[in-house]
Amino acid sequence: MLFLAHMVVNLPPSMPEAEATAIRAKEREYSQALQRDGRWVELWRVVGEYANYSVFDVHDNDELHTLLSGLPLFPYMNITVTPLARHPSRIAEKP
Amino acid sequence: MLFLAHMVVNLPPSMPEAEATAIRAKEREYSQALQRDGRWVELWRVVGEYANYSVFDVHDNDELHTLLSGLPLFPYMNITVTPLARHPSRIAEKP
Amino acid sequence: MLFLAHMVVNLPPSMPEAEATAIRAKEREYSQALQRDGRWVELWRVVGEYANYSVFDVHDNDELHTLLSGLPLFPYMNITVTPLARHPSRIAEKP
Amino acid sequence: MLFLAHMVVNLPPSMPEAEATAIRAKEREYSQALQRDGRWVELWRVVGEYANYSVFDVHDNDELHTLLSGLPLFPYMNITVTPLARHPSRIAEKP
Amino acid sequence: MLFLAHMVVNLPPSMPEAEATAIRAKEREYSQALQRDGRWVELWRVVGEYANYSVFDVHDNDELHTLLSGLPLFPYMNITVTPLARHPSRIAEKP
Amino acid sequence: MLFLAHMVVNLPPSMPEAEATAIRAKEREYSQALQRDGRWVELWRVVGEYANYSVFDVHDNDELHTLLSGLPLFPYMNITVTPLARHPSRIAEKP
Amino acid sequence: MLFLAHMVVNLPPSMPEAEATAIRAKEREYSQALQRDGRWVELWRVVGEYANYSVFDVHDNDELHTLLSGLPLFPYMNITVTPLARHPSRIAEKP
Amino acid sequence: MLFLAHMVVNLPPSMPEAEATAIRAKEREYSQALQRDGRWVELWRVVGEYANYSVFDVHDNDELHTLLSGLPLFPYMNITVTPLARHPSRIAEKP
Amino acid sequence: MLFLAHMVVNLPPSMPEAEATAIRAKEREYSQALQRDGRWVELWRVVGEYANYSVFDVHDNDELHTLLSGLPLFPYMNITVTPLARHPSRIAEKP
Amino acid sequence: MLFLAHMVVNLPPSMPEAEATAIRAKEREYSQALQRDGRWVELWRVVGEYANYSVFDVHDNDELHTLLSGLPLFPYMNITVTPLARHPSRIAEKP
């Protein structure tokens, strides 16, 4: 079941650079583990912003919330989740 | 080059049903041709709305505008386009 | 899996009263069938508005979209869907 | 008498972790006492956000304000309250 | 129990003047009956707008919705309702 | 001449509790003096928020601004003022 | 007593040109009478919009509402009124 | 003196195609005359929208308003004008 | 050439009172010099807010930006500028 | 390929003046290098704001994001990017 997530990161400028680097490294590791197990399906940077659009494939809402609230950057992000359904004009297979 | 597009459809309730059916059939055909040639990469329905999120892969902005303004439903849609860039945490290959 | 839906109805004032009455009767029947089969869990009127908040319990996003887009009033409503998860402070059983 | 409340929590990132843990424990205790006495009827987490939707059943507006302004997290929350009325299509008994 | 209501009227310019006059007369009669029985406590015009702020004193949410949805102008109004509570600094008696 | 004021209080969480208590006591005293002299006509708490709706009866705009900018909490509030006029449907005397 | 008013005109494109011309002529006459008697103090066009900013000098809110609701274009305008007070840095006399 | 203008076109779907074609042809002619005389300096289509961003070089605000309000599509557009100033980091000559 | 400016002041509550007093004194002096030389034509306080509406008469956009960005309170203000044009219904001379 | 960027700068008032001066100097140098190599095509100050509108000419979205996220002021800016396409009414050559 697919969901689109829009995530905007707001790291406080007062955060020491070492702390910011560490949290970003953890975020990257966390994200890549989820990409490898097939649940974080798409991940794009929004041009000109410290923000991303992502697509998640999960079994239910609880799984998605557990996944998102576990993000190392979660306390510094505004996340908006949009549930997606199959579009009637979508062709069955990608070329 | 990837773009996310959010399209909201507003068909006037006064449009005769036959006209609405015809325009939707044309839209579907147009959309599927672009999906098959690899430029309309993703297409999802937003749950509970007559709207979609789509991802397009095009060579440049002009190609995307030509493609979108040619949609049979274009006169009845509000479209918002977000340019996407590669995310530094994205893994190279999907599982 | 639970979702909160906010539905705002905009029937055009020009719609003949008989047509409006008929569509509202169909909506009521459709809604009550879904309440009886346990998928339309809660249904409240927003005070002072032709709008409601509803809770749905469905298996996945596709089922919810099918259900909502089948509403007789769907062409006249703005619907916003919010996916809900279990709250960690929620007690297991209602009193 | 029912009210829907949307609560968004904004704990300042500068709050010491021990203080945040303590305030969240108090909030949980406070919430569960109200759930047990039947006034905090529903409590759901919004997926991807530090926010909830709740339903309260109280005798009047003053009781609801007393209850909400007593929340341990009240100084850190934005709360929006929507008064709910009986919906004419609601069936009398849940299945 | 008090509620503040903000009502904005949008009569379509295409409505025949006789019809508009009739509906406004009914609205006035309806409003004055409620003012006399003590439930429509305050009624002010917003300067420069076809809108009002009103205060209602009712027993519960259902009574308020019945009252508001019965307004002759209801199909042409956007109404926003704010539940009010006693303010701790309010003095007991007006001078 | 009547004005509706919507006041939202934003005391910084970092303010020492003694300072907050003192400023709230001054605010209360200031407010009650104005209620007693008949210029602060109505004062209601918005349910679930640290906010109020108030009605003021003053001679002119300058008097209202002097009154509002003198509020002890003024530096911590967002205030929106709406000028009110007599409504043509208002009955002359309250019941 | 001064008020700033922002007026946006929305004449329906379907209005016959003769009717639009007539209503604009009446509006102009009405406006100029008020400018001459000293109550419509300032009147500026917003560049690129069918809108204006105006300053009115009236005795009270009721006079202003009577004046604005009498505008021939009133049924086709969105008006926002801002009450103005004397600024403490304003010099007594214009150069 | 430079201004950025954002223009959004809303032609009513009910406008006969011949009328729409004629008005668009006039708009094009009008626009190109202003481009040739050096006052309409830049003109870009917003991707995915019936909208443009334009830069105008005029002597003063009145000249700009005359120019914009004379656009054949003016009754069908929402225009927002932003005054531009020289940026201190701008280099004197384009490469 | 006239411009309307809306200025909202946000002095941080943590600013020492002496510093706030000093910056306000400089602002006042700066403002009065511009009022005296005829470029700051109007200056009104918005009732209930630490904000003003002002009218400026300058030769061009660059002059206005230089003037506004030189305000002692500029780093603490949100300013919105609206270019004004002559209104066709304006009478030539004020009474 | 052209993009319009709107950049709003929010330097925290608590930043030491020397640090602010240094970062602004780096920003200027960075900006001028990009203007000289032809990728930062236009750069205008928004009158009355610490903000700019810019036009960039780049090969693709990734190049633009690299360029913008490398801005020395990037952590202190809100940037909105609008992709631009050729307008059908644009004349081939500037006068």
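For reference, chains read A, B, C, D, E, F, G, H, I and J in written order, and residue numbers begin at 1 within each chain.
Please note the rule applied: a residue touches a chain if its C-beta (ideal position, glycine included) is under 8 Å from a C-beta of that chain, and two chains touch if they have at least 3 such contacts.
Everything numeric here is computed off the predicted structure, so don't read it as measured data.
Q: Pick from C-E, D-E or E-G: which interface has over half of its contact pairs in common with A-C?
A: D-E
Q: Centroid from C-alpha atoms only, then distance chain F to chain H, rounded to Å. What do you get?
A: Result: the chain centres lie 45 Å from each other.
Q: Could you grab the centroid distance between chain C and chain D? Build each centroid from C-alpha atoms only and quote it in angstrom.
A: The separation of the two C-alpha centroids amounts to 22 Å.
Q: Mark out which residues of chain F touch at least two other chains, giving numbers and ranges.
A: Within chain F, the residues that touch at least two other chains are 2-3, 45, 47, 61, 64-65, 81, 83-86.
Q: Using the touch rule from the top of the page, what pairs of chains touch, sorted by label?
A: In this structure, the chains touch in these pairs: A-B, A-C, A-D, A-J, B-C, B-H, B-J, C-D, C-E, D-E, D-F, E-F, E-G, F-G, F-I, G-H, G-I, H-I, H-J, I-J.
Q: Can you tell me which positions in chain I touch chain J when the two form their complex?
A: Those residues of chain I that touch chain J are 3, 5, 12, 61, 64-65, 68-69, 75-76, 79-81.
Q: Which part of chain I faces chain F closely enough to touch in the complex?
A: Answer in residue numbers: 11, 13, 45, 47-50.
Q: Okay, in this complex, where on chain J does chain B touch?
A: 1-3, 60-62, 64-66, 81, 83-86
Q: What part of chain A is in contact with chain B in the complex they form?
A: Of all residues in chain A, those touching chain B are 2, 4, 27-28, 31-32, 35-38, 41-47, 52-53, 55, 82-91, 94-95.
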